[in-house]
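Each of the next two complexes has chain A plus one other chain: chain B in the first, chain C in the second.
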Partner chain A sequence: MERLIEEIPNFFTIWNVIFLAKAMGVTFLLTAIGCIVGFSVGGLLAIFRKTKTILLLPIRIFIVLYTEIFRRIPFLVSLLLFFYVFQIIKISDDLFLIATITVCVIATAYIGEIIRSGIESINQTQWDAAAAMNFTYYQTLKEIIFPQAWKVILPPAFGFFIMFIKDTALASQIGVMELTFAAKVLNNKGFSPLLSFGTILILYFILSFPLDRFGKYMEKKLASNRN
Partner chain B sequence: MPQIEIKSANAYYDKLHVLKNIKLSVDKGEIVSLIGPSGSGKSSLLKMLVGLLIPKSGDVYLNGTLINYNNQSDLRAIREQIAIVFQQYNLFQNMNVLKNVSIAPTKIQKRNPKEVNEQALFLLEKVGLKDKLKSYPDELSGGQQQRVAIARALCLNPEILLLDEITSALDPELVKEVLDSIRLLAAEGMTMLIVSHEMSFVREVSSRVVFMDDGSIIEINNPKNIFERPKEKRTLDFVGKILKDK
Partner chain C sequence: MGYTLVYTQVLEFLPYLIKGAWISLQIAILAFFGGMFFGLILATIRTFGSKISNNLVICYVTFFTNTPQLVQIYFLFFALPEFGILLSPYIAVLLGMTLNAAAYLCEIQRAGFLSIRQNELDAAKTLNFTLLQQVKYVILPHIMKVLFPPLSNHYIIMTLGTSMAAIFGVEELTGRAFNINSETFRSVEIFSITALIYIVITFIATFLLAIIGRYFFKAKIRIIQ
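Our next item is the complex of A and B:
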């Protein structure tokens, strides 16, 4: 314990603080881009998946295959797969880009499924009433289905986002300098593991706590079932 | 020329043949009641008319025009003329009473919001719910929800109104109120198709009664004949049983 206390002034040097802040920025960016893209594209996939027109059948089949495959592959496996595919076909060797694309692909599959189940939780009678009054598919979603489905979509979606912050740690496996990798580097430089990993534990909490509060706020705002 | 004419229509839920060779014509201002045991196809027939169940064969004419149920503009056209009140009310759970009644006329029919609001208030007053404008469906009783659903359908200014078991959730006092509203609508010349198990109501308000069983129309007759001198044995059995149970 004494050694730990002695280490603290050397640990929190300007260089280390900037290093950890940059790593935190990478973790934040990976999560934020994954969540925003996942929510937008996943939402579109869910909306297309529920359509009935025969013209969109190939798109629906693609969506089902995409969702079912990427939800079943561990994040680390997808990450390594993209890493090697990118190397083989020489698209880019930017590790952050590879990690970001993997994160977006996985988040889209998961969040798309969460949104789909939210849409399907709304009783068919609501769709029938809307159709009988000439609401289009998109008007029905906007005015009737989503306002009721938020309360089903938001809790698991924000649960996924928070889990996702932690999962981005796996990007360290391909060498992305995010929080976990930064802690490993500091540990390898001789700082105690307790201090290195204890610090990023607090930083992970600082990232995830506001997101959790934001999720609660959005649930209250959107999911109250009252316009 | 009949306002609605159905010629040999057949419809299915997946493989289940729910409407078999339906032939029916309804004139403007007529009140036609559909009776029959549960699962006989009465509600399915109403759903078919508004395109919630697409007929697989047969023709449906509205004011002499053949309807193509696979064509979106035909569907839109029939839904502008026909409004339906569902057995389970199907009110939008995320909207208060006033919004439930006014949303389709303003957002879909693009009518003047002020004018729609006035009409909605008038209709809700007519069905005795003026003090519930800000209430949500889950704060209302079944009877109140049913009356909101009727006001919502009427606010669309339809030419034809389809009523699916609207009195099933109402207590006797409210049944009278709803019947009075329907009588008023009938006097105004509104064409109506009514599915009901309330035989006294059917007998009182209907111009003609259609008895259905197992997806088919068994008999069409005037109310007096169908209840007192039915032509078909199945009608006699059904009516006899219902009247005996009463």
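Our next item is the complex of A and C:
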């Protein structure tokens, strides 16, 4: 314990702090890009999934397969799979890019499901009423379904963002310079694992706790609005 | 390009991988029921406990749900030896997963507690049910109907989470995939097969859980969403 206290001033030098802050930025960036892409593409997937024409049937089947497959592969395995596939097709060697693409692919599958269940939470009678008023599919979604559905979509979406902040820790396994990897580097430099891993535990907490609070706050507010 | 996928070399290792999947399942089930047990204790404290113990549980839950499981296990595995507690990789992973699951399952089970209504218990008492009968006929059917879908969902998430054990050298499915990878260097083939096995085992789990949920608890679970 005394050794630990002696180590603290050595650990929190300006270089280490900058190093950790950069790593924190990478973690945040990975999550943010994944969530933005996941939300936009996942939303599209959910919209196409609910179409009814026979013409779009292949697309619907593809969407079902996509979401079912990517929600059942562990993040670690899909990261490694993408990593080795990228090595074969030689598009890019950038580890950050590979990790980002994996995050986006997985996030799309998960958020697509969240948005779809949000759309499905709206009563069938609303669809019927819209059809009776001769709304097109797009108009129904825009004017009737989404204004009600986003209250159901937002709370689990926040839970998902937090989940992805945590899951990006696995990107350290292919060598992306994010928080967990930074802790491993510091640990290998000879700092105590208690200090290096303890610090990043706190940093992860700082990243995800505000989101957690905000999600809970939104959930409460939206729930009271709905009744 | 110039890379051809060759599966024959990897398929020889299929029985080895499937045995690994069995170990993954063991870890997932042990950690799940461990988490259920601790989660139940935490949820009981959270519902009936005093203010101080209540706040302690809230701290535990927010801490464990807001930090990555991987780093928690790293912490257990590398930082505890400083205090003279040396854990084997398997135990460290199991402990980490259990502690993490306890936090999530505490929240889920608390929601179940909140779904019991006092009038139902009163009605049961008026009908002169014993405590055991109350639990069997009134509390459990109600709770399980609410709890079963999120619990089975979390079980699937935990099955996927066991792949983390590979990082610490536990020879479960992903760990064995690492082993074969360093032996044959057929990386894409190996990890695609590993992914396929994960899809199959989670699909079987969803299927069985859906059947159990429908027949025993009347909980509606869809196999394909």
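The definition used in the following text is that the second predicted complex is superposed on the first by the 213 of 227 C-alpha atoms of A that agree within 3 Å, B and C clash if a C-alpha of one lies under 4 Å from a C-alpha of the other, contacts with A are read in each partner's own complex, and residues count from 1 in each chain.
The rule is simple: contacts are C-beta pairs under 8 Å (C-beta built on N, C-alpha and C of every residue); 3 or more make two chains touch, one makes a residue touch a chain.
From a predicted model like this one, the values you see are computed outputs, not experimental measurements.
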Contacts of A:Phe214 with chain B and chain C, given as first, second, both or neither: neither
Touched partner set for A:Phe62, first chain B, second chain C, both or neither: neither
Larger contact residue set on chain A - chain B or chain C: C
Which of chain B and chain C A:Gln139 touches, first, second, both or neither: first
Contacts of A:Ala129 with chain B and chain C, given as first, second, both or neither: first
Contacts of A:Gln148 with chain B and chain C, given as first, second, both or neither: first
Touching both chain B and chain C, residues of chain A: none
Parts of chain A lying in touch with chain C, wherever the complex brings them together: 4, 64, 67-69, 72-78, 80-81, 84-85, 87-90, 113, 116-117, 162, 165-167, 169-170, 172-173, 179-180, 183, 187, 192-194, 197-198, 200-201, 204-205, 208-209, 212
Residues of chain C that touch chain A when the two form their complex: 1, 3, 62-63, 65-72, 74-75, 78-79, 82, 156, 160-164, 166-167, 174, 177, 187-188, 191-192, 194-195, 198-199, 202-203, 224-225
Interface residues, chain B side, partner chain A - complex: 47, 50-52, 76, 79-80, 83-84, 86, 88, 90-96, 99, 103-104, 107-109, 136, 156
Chain B partner contacts - residues on chain A that touch it in the complex: 125-126, 128-135, 139, 143-144, 147-148, 225-227
